[in-house]
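Order of writing sets the chain letters: A, B, C and D. Residues in each chain are counted from 1.
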Amino acid sequence: MSDVADTPTPILEIENLRVSLPKGADRPYALDGLNLTVNPGEIVCLVGESGSGKSLAAGAVMRLLPEPLVRMSGGSVKFDGQDLSTLTEAQMRGLRGDRMAMIFQEPMTALNPQKTVGWQIDEVLRLHTDMGAKARKARALEMLRDVHIPDPDSAFNAYPHQVSGGQRQRVMIAMALAMSPRLVIADEPTTALDVTTQLQILRLIRELQASQGSGILFITHDFGVVAEIADKVAVLRQGELVEHGPADDVLNRPRHPYTRALIAAVPDLRPPAPRDFSDAPVVLKAEGMLKTFKARGGMFTGKRKAVAAVDHVSFDIRRGETLGVVGESGSGKTTVSRCVTRLLEADGGRAELDGRDILNADARTLRAMRAEIQMVFQDPMASLNPRKRVVDLIAQGPIVHGMNPGKAREKARELLALVELSPAAAERYPHEFSGGQRQRIGIARALAMEPKVIVADEPVSALDVSVQAQVLRLLADLRERLDLSLLFVTHDLRVAAQLCDRVAVMEKGKIVEMGTVAEIFAAPAHPYTRKLLSSIPGRDWVPPVLKDDAA
Amino acid sequence: MPILIYALRRALQAVPVIILIMIGAFLLLKLAPGDTVDALVGDMGGADAQFIARLRAEYGLDQPIWVQLWRYMIKFLQFDFGWSFVYEQPVSVVLMERIGTTLMLMAASLFFAFTFGVGLGAIAARKAYSTTDNVISTLGLVFYATPSFFLSLMMIVVFSVKLGWLPVGGIKTVAGFYTGWKHVWDVALHLVMPTAALSLIYLAFYLRLMRASVLEVAELDYVRTARAKGAGEARLMFHHIMRNALLPVITLLGLQFSTLLGGSVVVESVFSLPGLGSLAYQSVVQRDLNTLMGIIFMSSVVVVAVNFLTDLLYARLDSRIELA
Amino acid sequence: MNISTGRFGPLLAGAMAAFAVTAAAVDADAQEPKRGGTAIIQMKGEQRILNPALRASTGVYYITGKIVEPLIDKSYDGYEPVLATEWSSSEDGLEITFKLREGVKWHDGEDFTCDDVSFTAMNMWKELLNYSTTLQQNLEAVDCPDPHTAVFKYSKPMPMDLMLAAMPDLGHPMPAHLYEGTDILKNEHNTAPVGTGPFKFVEYQRGQYVIAERNDDYWRGEEYPYLDRIVWRFITDSSAAAAALEAGEVHESGFIGVSMADVERLSEDDRFDVGTKGYENNVAHSTVEFNHRNPILADLKVRQAIYHALDIDAAIETIMRGYAKPGRGPVPSTGGANYTDDVPTYPFDIEKAKAMLDEAGYPAGDDGVRFKLRHRPAPWGEYTQLWAEFYAQSLKKVGIDVEILTNDAPGFLTGVYRDHDFDTANGWHQFRADPAVSTMVWLRSGSPNGTPWTNQFGWQSDEVDAMIDAAASELDPEKRAEMYHELQRISMAELPVIFAIEHPFISVTSKKLINHHNTPRWNSSSWYDLWLDQ
Amino acid sequence: MSLAEASALPPEEPSRALVFWRRYRRNKAAVLGLFLLGVIVLLALTAGLYEPVDPLRRAGEPLIWPFQDWATPLGTDQLGRDILAGIFHGARISLMIGVVATLISIAIGVVIGAIAGYFGGWVDDVLMRVTEAFQTVPNFVLLLTLVAILGSSIENIVLAIGIVSWTAPARLARAEFMSLRRREFIEAVRNLGVGDMAIIFKEILPNALPPVVVYASVIMALAILLESALAFLGLGDPNYASWGNMIGQGRSVLRVEWFVAAIPGIAIVLTVLSFSLLGEGLNEALNPRQKKG
């Protein structure tokens, strides 16, 4: 910034930004002393974990903070050299959507469900131009073509729910870029998308930004995405800027301990040394598992669309082994986890647990077998009954299976220690814990049953990267100590690479490829597997091995 | 065409519900002490024993209940609602004379309750926690808390007796013999107070729901998107918030229709309106089973139809719903 | 007094009618009657059947009295010829002959003849008309020696004064040509009556109104009736009815169509005439009915104690606002020769009531309660409810706990008169001109279960039964009266039922209506001389 | 910077009741509602202390105006009964009607809604058809019919009100159960081998209750209004001084001695209002949707 001569005027200059939180919040300021600059043609990534205040920074720039509860209480935001705080609300409205635009995280909810795609793009043009209806439509269609929507004409007339998630995000981008804004703020624009779509969208943002020369403030939590797209990186921690600089510096030579810890927590794509299970007995064996979902029709409509969510899936897991099930949303991987635990009734096939078929067991046998196959769920908040104390949550299973309640509670307390939670946790309610702690409680609950197999359905995908690393480590550790078998369902190939021994890749209800992690990651045979692997953001970036890795 | 098929399917789905209602209602009414002959004789001021026995035989009330039910259902399935022994007319004629008034009253009340409820609810939500909001919300709750007959009586005292602006009751000036627009105006005047009494209660419902709904929708992502596009407050309200906020209110519209008919019982009797509500009350008290069954059937059909219409409206407003 | 009999023309014969007109003329206060206008009448209940030969009820006559005329009506001076001009009885009481008025036409233009009387009497009065079926049970035939003479033939003697007393209510001929060969109960004219009266039926909107308009060919002469039209509006809510009166939307409310509070209030309003005049033929008794199957109530002392516990005067003041008097048995003070006040009475005396209950063997328990009674009040509106609560509170003071069981009309009638599922009940019963066709059913045993307003009390006296039967066919009016006096005395002594309060009905009438309430059954009469001062 | 905070627990949170009260307190109107309700409860509790103890007993001349005679501060009705005594005892009856009828309707509604929502399929179909049937029949007409059948004793009126108001809580409970039964914590306990009934009543029910509790305040208000409407039509229980009965009888003297109907009328309005305000407060405290800090 010292070199004024060859640096153009920054599009966005944030100086000493401070955003106040209402009384009673966990800290007085959401953001404190944030400095950030975005130049034309530059993509600046603002990285942070949840609660770091990164999204509020976007709100402060757009002047869309939920005032008066959350408000800007210090510093300045300059857009194209102009201090935004001097503008009237009407002037601000003129800027928004015209010269500064925003792309949001959830394409599902960020578009008005009651208006057509065309109408919503058109609205931007109507608000900011004097173009006639025809010209606006032409421009909107042009934008849809620019974001590579396959059939712009029909998309124009479609409602948001009629186009896919990826397409919706393209529509959001078309809307944001309709006026060729100087600044685009993208708030986690790819987080809700599948990995293959994510890559396409990231490429699209890059492409359009190159052609329009806008500056982009890109907010994300994912270092893979940062590696994929960033020119510059700023790292936020609890509202404070801890480190910023060119992407290469921050990614490969992080200086601040927090940044270092974060980067260390990013799972490596290179799998660890393989373990050998050829002698271990098979614990779980699924054969030809089948589950079709019937779209429920009315009493008098004959037509029901059947969708095969799990289509003749077979696999086996040996004692102590971890099988990863990976795939994108809708691939049927979660349904597999529900069928094998019989939370859903499968339509066919077998799943033998120690030689006994759980899919066709009668109610009595099933009850006994449930102890042997336990589950860890995705959402640590939703999977714990909010009205029960932790100790009761953990002790519940053993009590149901006949253990003396006092003894069960005692054991529950022991399990808390096993999952590295303080004994004081026992008497509390789930909402008093952080996400990672809740997931530990979930794991303790599963362990309380002393199962042979744990089915983990995306157990870390709702967690911040640093917490994710800890939970993964805990799982790996417990697996070793208790000789557990794991069926690990995930969409995150990085996680799969680190934890799993073998991986099954699912697409449209079928396992398209299965093999050891090393084989699959090194030499994927199926085109879909190849596509998945090549879509991993930042796949070419190898997180540096840092010495002072947080233990 | 898809709408027709959808309508047909909905009608078919309603059939078992309505038959369930009819059989249930028939058996329930038979549990009541006394029958229509008792009521008639009571009305007449008494009668002698032979007369009573003759009447009972005449009306088929001396048969076992299941025979009566069987006979009724056979006729009912042929859309014959039987004869009202109290009105000495076919039930269909009795109902047809009354349904107009009730539908008019209900439609007017619902219209006012809905329009004002939604309007005021939206205003209250946009000015949430302000004085305007407090006044609107509190007033709504007070209306809601006021028994409709109490409100009706107070209105009669003020507007008819003290001020002489509005007629006390009835659906039209009986000896007026108005025609054309004068008749319409006359009927409208007679409906002002009943409509007000009935709608004020429901207004509160819509008001509260709309307020909550607008507050909720205003927090949604796409409203933020629209803001980020540079849309002003008015535009946000009309193009982005209202339509989505209306959806739950419309659901309530369908659900409440049958309550409205119940509410009209009291209002119709206070204002001497010849509608289905007061007829229903009379029929219960008179044990005029056929008429009451007719009313229940009629109101079921109306409720089913209104629910169908609100579904259509819902589908029209919510692009995500496809009728199938 | 400027109205002379001459104005009625040759059609009007008989001194009775002349007296009636004179009485009416006094009310008119020497004003010249005006033609035209619409009288609007409020009605609380709706009878729905407009055939007075099928439904004997004041609610029916209130409307049909203007459209369908009886053979005989009643005036303050006796019986007035209407469709019958003369009547006589044979010595043995087995034949009663009516001379019928000539030149009378039904509203559809057909002549009124003896065939109509004969048909109606045999097919409706004898077969279908409530109360009349008992009265006419011995009717064998009605002969028509000529078109204007009807001879009623009985198998047992029919007292002439009973027949006369009954005829104004139970003697409406209907047009035979419209009913012959049809299902009488489902005949369309039951709700669209065709009569000979001063007004022709126009329209009946159920739940709303009935309209009748002037009959231009009325037999009394073309100046009658004065009104162009009468509209009856059904307003069930009594507050709304009062409001309608005050707003000028209604001219008259009869049979206590408004609340007693409003009656009292409107009586002080000089726009209205409020009073009981014109109901002398329609007096009712507020009753307390006992279930004698209950051994406690079977004890006469208990019934008498209950009577002593009731402060009748206070009830008359608070509930009826003074428009009533204490009852003296089954015949009201308006009952003429059949009435006597020489009967035992039970003045209000709490201490005496308590003493009698003690004496009867029902001392007060520790909680002050002697015994409990389940009481069913008739749901006939404000005053039966208030009377029930008054009764319950009065009995509580002497240590009788009363639980009130409320029901709607069929529930009440079934509970009391069919299932006998009550200890005490209250309601009112209307006196219909002659004890034989009304209040005697309270005392006569033998009516089948389920017959409302009959002796379903489990009380029976052979002496009373015999005397009632004898009185019904006694031809000598004086002997008859003596029998009814005796019945009153027995009833007051034995107390099968307490005829606690005798109250006429009350009308609130706009002073714009002239010539109103000028006969003892005015609301049921034809109103041919009623006019509107606009 | 240590990321290993796994075992460090966040500071202990205040008790649920305290959090609830803090949230509730934010709504001033709801606090007013609670205060009103408190007054009504106090009236009901002290009804036995006020003379005359029997509100149906004649206490003085009929139709004394309020503030005329200190023996009967709020005046008397047509039968000379003390109106203030009626207000005291009516509070008891109204609260009793509100609470018991609500309990009945919630009990029926929750059981039906829970079973329909939890099991789904044909069970749901059948139960929902029945619910629809009840919902299609105008509730007040059904109420009149039930009272005609059962008679007008206070127990039967309460029962009838409960029977006609269960459909809304049933639908509410069903919706809650349908959404909760798919939640992961329910899958988790199913996975532990817990039986259906235990899941319904021990796991889901406590979580499904808050919206039902909020709706209970609506039913309480409706129950009181329904009873008063019945009493207005002359179908109340005359053995008790309910406010509805008082209005029903007072309406005949409405034009002059309007206070006879107006005083219990205002009592009803305030009671229903207090329930409604309470409901709003409960809603914000139990189902916090609008984040306010």
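Assume contacts are C-beta pairs under 8 Å (C-beta built on N, C-alpha and C of every residue); 3 or more make two chains touch, one makes a residue touch a chain.
These are the chains along with the protein names UniProt gives them: A = Peptide/nickel transport system ATP-binding protein; B, D = Peptide/nickel transport system permease protein; C = Peptide/nickel transport system substrate-binding protein.
All figures in this text were calculated on a predicted structure; none of them were measured in a lab.
Undergrad: Any chance you could check whether A-D or A-B wins on number of contacting C-beta pairs?
TA: Counting C-beta pairs in contact for A-D and A-B gives the edge to A-D.
Undergrad: Measuring from the mean C-alpha position of chain A to the mean C-alpha position of chain D, what distance in angstrom results?
TA: 44
Undergrad: If you average the CA atoms of chain C and of chain D, how far apart do the two points sit, in angstrom?
TA: Distance between chain centres: 47 Å.
Undergrad: As a quick test, compute the distance in whole Å between the mean CA positions of chain B and chain C.
TA: It comes to 39 Å between the two C-alpha centres.
Undergrad: What are the residues of chain D that contact at least two other chains?
TA: Where chain D meets two or more other chains at a single residue, that happens at 148, 151, 251, 254-255.
Undergrad: List, in ascending order, every residue of chain B touching at least 2 other chains.
TA: Chain B, residues with two or more chain partners: 32-33, 153, 157, 161, 269, 284-285.
Undergrad: Would you give the residues of chain C that are in contact with at least 2 other chains, written as numbers and ranges?
TA: Counting only residues that touch two or more other chains, chain C contributes 239, 243, 407-408, 410-411.
Undergrad: Just spell out which pairs of chains touch, all of them.
TA: Every pair of chains in contact is listed here: A-B, A-D, B-C, B-D, C-D.
Undergrad: Can you name the residues of chain B that touch chain A in the complex?
TA: 9, 12-13, 220-222, 224-232, 235, 239-240, 243-244, 317-320, 324
Undergrad: Quick one: which bits of chain D touch chain A in the complex? Just the residue numbers, please.
TA: 1-10, 12-13, 16, 183-185, 187-194, 203, 206-207, 292-293
Undergrad: Tell me, which parts of chain B touch chain D in their complex?
TA: So the residues of chain B in touch with chain D come to 16-18, 20-21, 24-25, 28-29, 31-33, 134, 137-138, 141-142, 144-150, 153, 157, 161, 208, 215-216, 219, 255, 258-263, 265-266, 269, 277, 280-281, 284-285, 292, 295-296, 299-300, 303-304.
Undergrad: Can you check the complex and tell me which residues of chain B touch chain C?
TA: 32-36, 38-39, 41-54, 58, 83, 86-89, 94, 97-98, 153, 156-157, 160-161, 164, 167-171, 174-175, 269-272, 274-275, 278-279, 282, 284-287
Undergrad: Hey, which residues of chain D end up touching chain C in the complex?
TA: By the definition above, chain D touches chain C via 54, 56-58, 62-63, 78-80, 148, 151-153, 234-239, 249, 251-257.
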